[in-house]
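Each chain gets a letter, A, B and C, in the order it is written, and its residues are counted from 1.
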Amino acid sequence: MARIELIDVAHAYGQSWALKQMTLSWSDGGAYALLGPSGCGKTTLLNIISGLIAPTQGKILFDGRDVTALEPQQRNIAQVFQFPVVYDTMSVYDNLAFPLRNRGWKEGEVRKRVHEIAEILELQSDLPRRAHGLAADVKQKISLGRGLVRPDVAAVLFDEPLTVIDPHVKWLLRRQLKQLHQQLNLSLIYVTHDQTEALTFADRVVVMTQGEVVQVGTPEALFESPAHRFVGHFIGSPGMNFIACDGAPPRIEGVPISTSSTQQPEPGATLAIGIRPEYLQVHSLPGPNRVPAIVTSAQDQGTQWMVQLQIGKRTVWSKIRHTSEPVGIGPAFAYMPPDKCALYADDRRVA
Amino acid sequence: MSARSFPGRRILLVLYLLFALAPIYWLVHMSLRSNEAITGAFAWFPESLSLANYVGILTDPSWYDGYINSIIYVTINTVLSVAIALPAAYAFSRYSFLGDKHLFFWLLTNRMTPPAVFLLPFFQLYTALGLIDTHIAVALAHMVFNVPLAVWILEGFISGVPREIDETAYIDGYSFPRFFVRILLPLIKAGIGVTAFFCFMFSWVELLLARTLTSVDAKPIAATMTRTVSAAGMDWGTLAAAGVLTIVPGALVIYFVRRYIAKGFAMGRV
Amino acid sequence: MSVAKPVNQRAWWLVLPVLVSVAFSALIPLMTVVNYSVQDILSPSQSVFVGWEWYKEVLRDPELHSALVRQLIFSAAVLAIQIPLGIALALSMPREGWRSSLVLVLLAMPLLVPWNVVGTIWQIFARADIGLLGYVLTQMGFDYNYAQDPWDAWITVLVMDVWHWTPLVALLAFAGLRAIPEAYYQAARIDGASRWAVFRHVQLPKLRSVLMIAVLLRLMDSFMIYTEPFVLTGGGPGTATTFLSQYLTQKAVGQFDLGPAAAFSLVYFLIILLLCFVLYNFMKNVGADEQQGRSA
């Protein structure tokens, strides 16, 4: 296990920067998800950590040791790809033994280690089978196993490993991964574009968009206080409401709004108030932090109402628990609790 | 990236290309000289660049008609062969059905018929059908060896596409034809390119069948070339010039399909 | 757990167009040839049924035996040289950019030359007095003359075939290599695989079906080689380069005797069929054995 640090790392394919300059550190034994839409540079970042790609600039440190120039196998990294990679002509046993044999291990030690890993991954009964015809989830376990057989694996990297797995096997495999994480105290980095997968799997989520890391935080922090409008939009369903507002103190439709932000935004920045639909309330009377609005629809979703409101020309959403009284169509006031909303200046949260 | 190649590969490649191009150079060399010069004495380079042989060919309708005839039947053959081989290759790759293994091998056996004796029955068959001396006759006859080849090459490429991709597409509500055209074909572009090239090539260079099934209207370039053997001896220069000209269309074809051969198959984009 | 292909009889509909188009041009002529092979054709309208007579005659022919041996040695040499060389070339070809395009086009050129022209080129190219190859060899002190020395003639036909057909193997292998997903190479790098291990465990297994095509194609086509040696050497000197096709044409068609020629063709056809069948199954089994793997 190792602590992984990226210092001023950036990467360009040809002329365009796939990864803008970033400094990031991943703590030893953490379970990280790398979340973002396709094309945001998350696979590039993963491959830079594993050494498959040499970054255009910057350094990579494992436990303080500079590994930027090292080949993938010297970095002791396990990586599982989107499509299962197994050596078709070999048995499952030989697949697992392959990285050890490549390092010149003695057959006796190889056997011992392979059986250990096969037991952890519940692959013992498959060991004599040839890898070719196995189901996708078993193949993914084999590729994970090929990474884990090496002792002192620095980190296990997953690149959307569940894409080709049947839905009902998916959660089983994910649970097994979590167990493995606890059992072996592994550092895991898990690339995905699926927020549910990221939020359920990881202790910490790294959100990326357009080659940039916009927030690193716990699933809770991403939900409660998105650092960037992208995070607000991307996480949650529906995503965070952002309502354009005028200068200090912020006003919407002339109503002054107090927020959790205490600092002053840069003058001249484009301002907006961000609030999750879960926290936006609908009231019939005016009051502080209540903005005139029109309820245009209210949909019963079983345990909650999904309410659509119009504030000026802007459409916002509110999720209201069934415990409160039903919401009628027509004029109303949208209430934003001061501790649940924040000011965003040029897409970034104002502290 | 070094894991894919081996030391000394550049040297091997350069040496081989020299070997591959030397006879081609000699063909061009011959095409630019007169018959007397060719048979007269050795020369590293042509003494003077004479285009007389090319002019002779390009001003003679029987030469360029042969050229056009060849292009017509080769194109018909290539399009038909690839079009009917694609669904069959998919069937062989994905399903098992009654007699599939035997059928696959039987298809291959059709490439194995020694032409010399089979020419006569071919001639009789196409005469009976009234197709003799038409482009379609040669195109159909060449399908005997091109279709099995096409099925075979394409089957390999389709088998290289993980079956999960089909299943995902069907789950996403794609119909078979839509899946075939929108998802499968783009994935096996490389295979289609290679297959089309091979069909083109085998049809283009084949001489015996093409010559037997045509006389005037659909006479191919390769048959026209056999004319250069006459009582006056070989007309080496003209033959060489015609040879150079026959390489051109094929070189163009491979130039156009090179992307498909070179691009391979982009897995992550599915 | 092994995933077998699902049984689906409707797949026949997908195969049907191929079946019809090939059967149309293949079965009818084959039947005609079978018919000829059991008759003594005296004139287009008069023939006598002779049964196995022509087959017996053909099988007893000692010249056929020596032609067959020559043929087998030639085809074996063709495969032994062209398959490894083709794979090596495919591995050494540039994968992208203009260099890749250039190499592809240059490499494919010999394939695009009509077969009679191939013979013609080498006829001049290999001549010691006026051809590049013959001239250079002679200047280097070799006593080389393909028109008179049987050994030189045999080697020249073989080199010509290598020149003509190795690109086919190389192109097939190249396309096969390009179809290997990037992740395999990445996984191999992470696993610390050597170049040889990548070749042995990633590239070669993935090339298996493409190589099977290459091997069988080269076997069939080299077994039927006719036009090129006919133009280059006419089968000589003596019978040094008289392969089966050549012998068939000389012996039978040359004498306008359709019955024995048809019987010869069918025997010839069956020999190729048998060889391909054996090789096809052998290669399938090699793959299958290998895929069973060694277990602990």
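Note that a residue touches a chain if its C-beta (ideal position, glycine included) is under 8 Å from a C-beta of that chain, and two chains touch if they have at least 3 such contacts.
Only a predicted model underlies this, so the values are computations on that prediction, with no experimental measurement involved.
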Practice task
Name the chain with the Cα centroid closest to the overall protein Cα centroid.
Solution key: B
Practice task
Using mean Cα positions as chain centres, tell me which chain lies farthest from chain A.
Solution key: C
Practice task
Round to the nearest whole Å and give the separation of the Cα centres of chain A and chain C.
Solution key: 55
Fill in the blank from the handout: So, in whole Å, the Cα centroid of chain B is separated from that of chain C by 15
Fill in the blank from the handout: Expressed in whole Å, how far the mean CA point of chain A lies from that of chain B is 51
Practice task
Enumerate the residues of chain A that touch no fewer than two other chains.
Solution key: 82-83
Fill in the blank from the handout: Touching two or more other chains in chain C are residues 3-4, 181, 183, 189, 193, 206
Problem - Touching two or more other chains - residue numbers and ranges from chain B - result: 267-268
Practice task
Would you mind writing out the residues of chain A in touch with chain B in their complex?
Solution key: 43, 82-83, 136, 164
Completion exercise
In the complex, the residues of chain C that touch chain A are 1-4, 181, 183-184, 186-187, 189-194, 197, 201-202, 205-206, 287, 290-296
Handout entry: Of all residues in chain B, those that touch chain C in their complex
Key = 1-6, 9-10, 12-13, 16-17, 19-27, 29-30, 38-42, 80, 84-85, 87-88, 90-92, 94-98, 100, 103, 105, 107-118, 120-122, 124-125, 140-141, 143-144, 147-149, 151-153, 155-157, 159-160, 163, 190-191, 193-194, 197-198, 201, 204-208, 221-222, 225-226, 236, 239-240, 242-243, 246-247, 249-251, 254-255, 258, 261-265, 267-268
Handout entry: Residues of chain B that touch chain A when the two form their complex
Key = 162, 164, 168, 267-268
Fill in the blank from the handout: Given the complex, residues on chain C that touch chain B span 3-12, 14-15, 17-19, 21-22, 24-26, 28-30, 32-33, 36, 85, 88-89, 91-93, 95-96, 100-101, 103-117, 120-122, 124-125, 129-133, 135, 163, 166-168, 171-172, 174-183, 185, 188-189, 193, 195, 198-199, 203, 206, 209-210, 213, 216-217, 220-221, 223-224, 226-227, 244-245, 248-249, 252-253, 258, 261-262, 264-265, 268-269, 272-273, 276-277, 280
